[in-house]
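One chain, subunit A, links the two complexes that follow: it is found with subunit B in the first and with subunit C in the second.
Let's turn to the complex of A and B:
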C-alpha cells in the first residue's frame, strides 16, 4: 500500500485547523457531505499542497440485505476522481433495513449468510469504483446471536473473497473488546495485515460500564495501546485521527497527533 | 445467487431495526439490556443531529425538547430516503401542531431567517 503517514479527518468546522496543523500528511473527508462540483476551498488548497484527500463513505450499507445503491457508489467514485484519491472506504456494516434508516453504522451478524451478501455487494461496488476500496471494522454496542465466525475471521474471509483493503479502526476494536469481549490479539492475528490501507484512531467515553465511540472526546491511552499492539505486528501505511464534535483547541489535536506518532516510533 | 441469503438477512436486520427504532419486540437471542443501550444511543444521536440542524427549535423548547423529541422519534422512526433536515423539519411541524412550538412564520424573501 501507498505510504500515507499521519493524518486527521477534515471537517468544515476545523478546516483552518487542519490546514495549519503541523505534520498532517493526509486527510479524510466524509463522502456524503461533499458535492463533486462544489468542493470546499480548503480541500482544494490541501490538494494543491499535495496532501492526499481520501473519501470515506458512511452510507453504502454494504452489509445490508439490499443490493448496493449504484448512485451512492457513483458519487463516491466521482469524488475519488475529483480529488485524485488513491483509494476510498466505507464500513463493514448495514445502515438501512425494512424501510428504516438507523442513521448509524450497525454491526452485521457474523454468519455465512451475511458474509455471502456482503461479498456480493462489495464486488458490485468495486466494479463501479475507479480506485481500490478499503473496508472498516465498526464499533458495536450489541452483538448478534449465533455468530459462526470471529470478527477477525469474518474480515479475513471478506478480504480473501473480494480483494478489498482493510481500514482498521483501533478505537472500534477497543470498543468491541470492552463491550463485547472481542480478543484484540486474536483479531490482529486473524486479519491479513498485508492488506491494511490505514488505521483510524478516535476518542470516546465510558458511560455506565459501556464504552461509546463518540469521536467527541480525547483519545484514551487504552486505544493507543491497541495501536501499539498493531504496530508491533506491522508498520501501518497510514494512521488518521477522527474528531467529529466538541472540537478542542488546535494544540490538543496537535498533541493527539504527536501521541500517535510516538506510538508509531 | 445470493437471494436466499438476502431474504434471511433482510428479515433479521429489519427485525432488529424495528426493535431499536420503532419499539418492536427484541429479537430472539439478543441481550435485552444491550438492545436498550443501543436504542438509547441511536435516539441520542438522532436528537443531537436535529438539535444541531435546528438550534432555534431546541432553544425554544428548552427542557421540553428532549422528552418531546423522544415521543416524536418513537412514533416516527426515520425512514429510508428521509434526510436529517427533513426529519428536523417534521419534528418542528409535529411540535407546532401540538402547540408546543410557535408555528413557523411565513418566510419572506427579504427577511433573514432569525
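Let's turn to the complex of A and C:
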C-alpha cells in the first residue's frame, strides 16, 4: 500500500483550517457529501498541491441483505476518479434494511452466513470501482447473539475472500474494547496487517458508563495507546484524524496531529 | 441573553468608543455586526469557511467577556456570513447599542431628528406663506424680510439635529478614520466595512476572507431599511457608487452627509 502519512478528515466547516495546518499529508472526504461536478474549491486546491484526497463512504451498506445500490457505488467510483484517489473506503456494517435507513453504522452478526452476504456485496462493489476498496471496523454498542467468529477473524476472512484492504479505526476498536470487551491485542493479532490501508483516530466521551465515539471531542490517551499497540506490530501507511463536530481551534487540531506523529515515531 | 448595553457589557466609558460603537457610528448596525463577527474571528472564537459558513470554535469560552452583539452572533451559528450579519443587525442588541449611543450623545435620537425635520419644514412653509402674503396683501417689506430671516435661522439651527450623528459622534468617526489602517483590522472593518476598500483592496480580502464568503454579504442601498432614521446606518452606505469605501470626507462637521463618514460600505447591514 502506498505511503500516505498523517492526515485529517476534510470537512467544509474547517476547509481553510485543513489547508493551513502544517504537515497534512492527506485528507479524507465523506463521499456522500460531495458532487462530482461541483467539487469544493478547497479540495481542488489541495489536489493541486499534490495532497491525496480519499473518498470515504458511509452508505453502501455492504453488510446488508439487499443488493448493493449500484448508483452509490458509481458515485463513489466517479468521485475517486475526479479526485484521482488511490483508494476508497466504507464500513463493515449495514445501514439499510426493509426500506428503512438506520442513520447509523450498524454492526453485523459475526456469523458465516452474514460473512457470505458481506463478501458477495463487497465483490459486487469492487467490480464497479476503479480503485481498491478498504473496509473499516465500526464501533458497536451491542454484539448480535450467536456470533461464530471474533471481530478479528471476521475481518481476516473478509480480506482473504475479497482481497479488500483494511481501514482500522483504533477509536472504534477502543470503544468496542470498553463497551463490549473486545480484546485489542487479539484483534490486532488476527487481522492481516499487511493489508492495512490506513488508520482512523478520533475522539469521544464516556456517558453513563458507555464510551461514545463522537468525533466531537478530543482524542483520548487510551485511543493513542491502541494506536501505539498497532504501531508496535506494523508501520501503518497512513493515520488520519477524524473530527466531525465542535471543531476546536487550529492549534488544538495541530496538537492532535502532533500527538499522532509522536506515537508513530 | 444580554441585550442591554452597559459600560460593563460593552466596555465603554469616557469619551472613547469601543469597536462596535465605532462601527455603528460609521456605518450603522450592519457595520457594528461586522465588527462583532470579525472581532470574534480575531479572538479565535469563530471561523469562516471558504463558502462563508461561520461556525463557532469549540472550547473558545463563548460566554466570557463577550459583548451582547458577539453573544448574539455566537448563538446564531452555524450560519452564512451574510445571514449572521444581517440578523445581528436586526436584533434587539443592535437597537440597544443605538440607544446607548444616543445616551452617550453620539447619535441623534429618532424622535429628535423627526421633530427637527418637522419644525424645519413648518418654518419654510411659514416663510413661504409670509412671502405670498407680502405679494398678495401688500404687507410691509420689513415684516416679510424678518419672517424669511427667522425661517433661515431656524433652519440652520435645526440642521444638526436632522443628521444621524451629533457633532461628538462625527468627531469620533473622524478619529476612527485616522486609525483605520493596517494592522488595525477591526478598525478597518469599523470604518470601511467588509465591502469597503483600503488601498484598492476590499477589506474582506485584507482580512483573508474568501471571495465566496464575501459574496454572501449584502450591499445596502442608500436609505434602505432605515428604521425611521434612528441612526446613520440606514442612509449611509450604498456601495454601489465608485466612491464607496474611499473614506470620504463626509464626516466633516459642516458636511451635509447623512452619515458620520466612513467608507460608506455597509457590507451586509441588512437590518438597518
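We take it that the second predicted complex is superposed on the first by the 265 of 265 C-alpha atoms of A that agree within 3 Å, B and C clash if a C-alpha of one lies under 4 Å from a C-alpha of the other, contacts with A are read in each partner's own complex, and residues count from 1 in each chain.
Following the convention adopted for this analysis, contacts are C-beta pairs under 8 Å (C-beta built on N, C-alpha and C of every residue); 3 or more make two chains touch, one makes a residue touch a chain.
Here the structure is a predicted model, which is why all the values come from computation and not from measurement.
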| item | value |
| --- | --- |
| Subunit C versus subunit B on the shared subunit A, clash or fit after superposition | fit |
| Touched partner set for A:99, first subunit B, second subunit C, both or neither | first |
| First, second, both or neither for A:113, with subunit B first and subunit C second | first |
| Cα-centre angle that subunit B and subunit C span when viewed from subunit A, reported as a multiple of 10 degrees | 60 |
| Chain touching more of subunit A, residue-wise (subunit B, subunit C) | B |
| First, second, both or neither for A:48, with subunit B first and subunit C second | neither |
| Touching partner for A:14 - first (subunit B), second (subunit C), both, neither | second |
| First (subunit B), second (subunit C), both or neither touched by A:248 | second |
| Which superposed partner A:141 touches (first subunit B, second subunit C, both, neither) | first |
| Minimum distance between Cα atoms of subunit B and subunit C in the superposition (Å) | 8 |
| Subunit B-facing residues of subunit A, complex | 64-66, 94, 96-104, 106, 109, 112-114, 116-117, 120, 141-146, 210, 212 |
| Subunit B residues touching subunit A - in the complex, by the definition given at the top | 1-2, 5-10, 12-18, 20-22, 28-31, 34-35, 37-38, 41-42, 45-46, 49, 77-82, 84 |
| Subunit A to subunit C touching residues, read off their complex | 12-17, 40-42, 216, 246-249, 252 |
| Contact set on subunit C toward subunit A in their complex | 44, 47-51, 53, 55, 57-60, 78, 210, 212 |
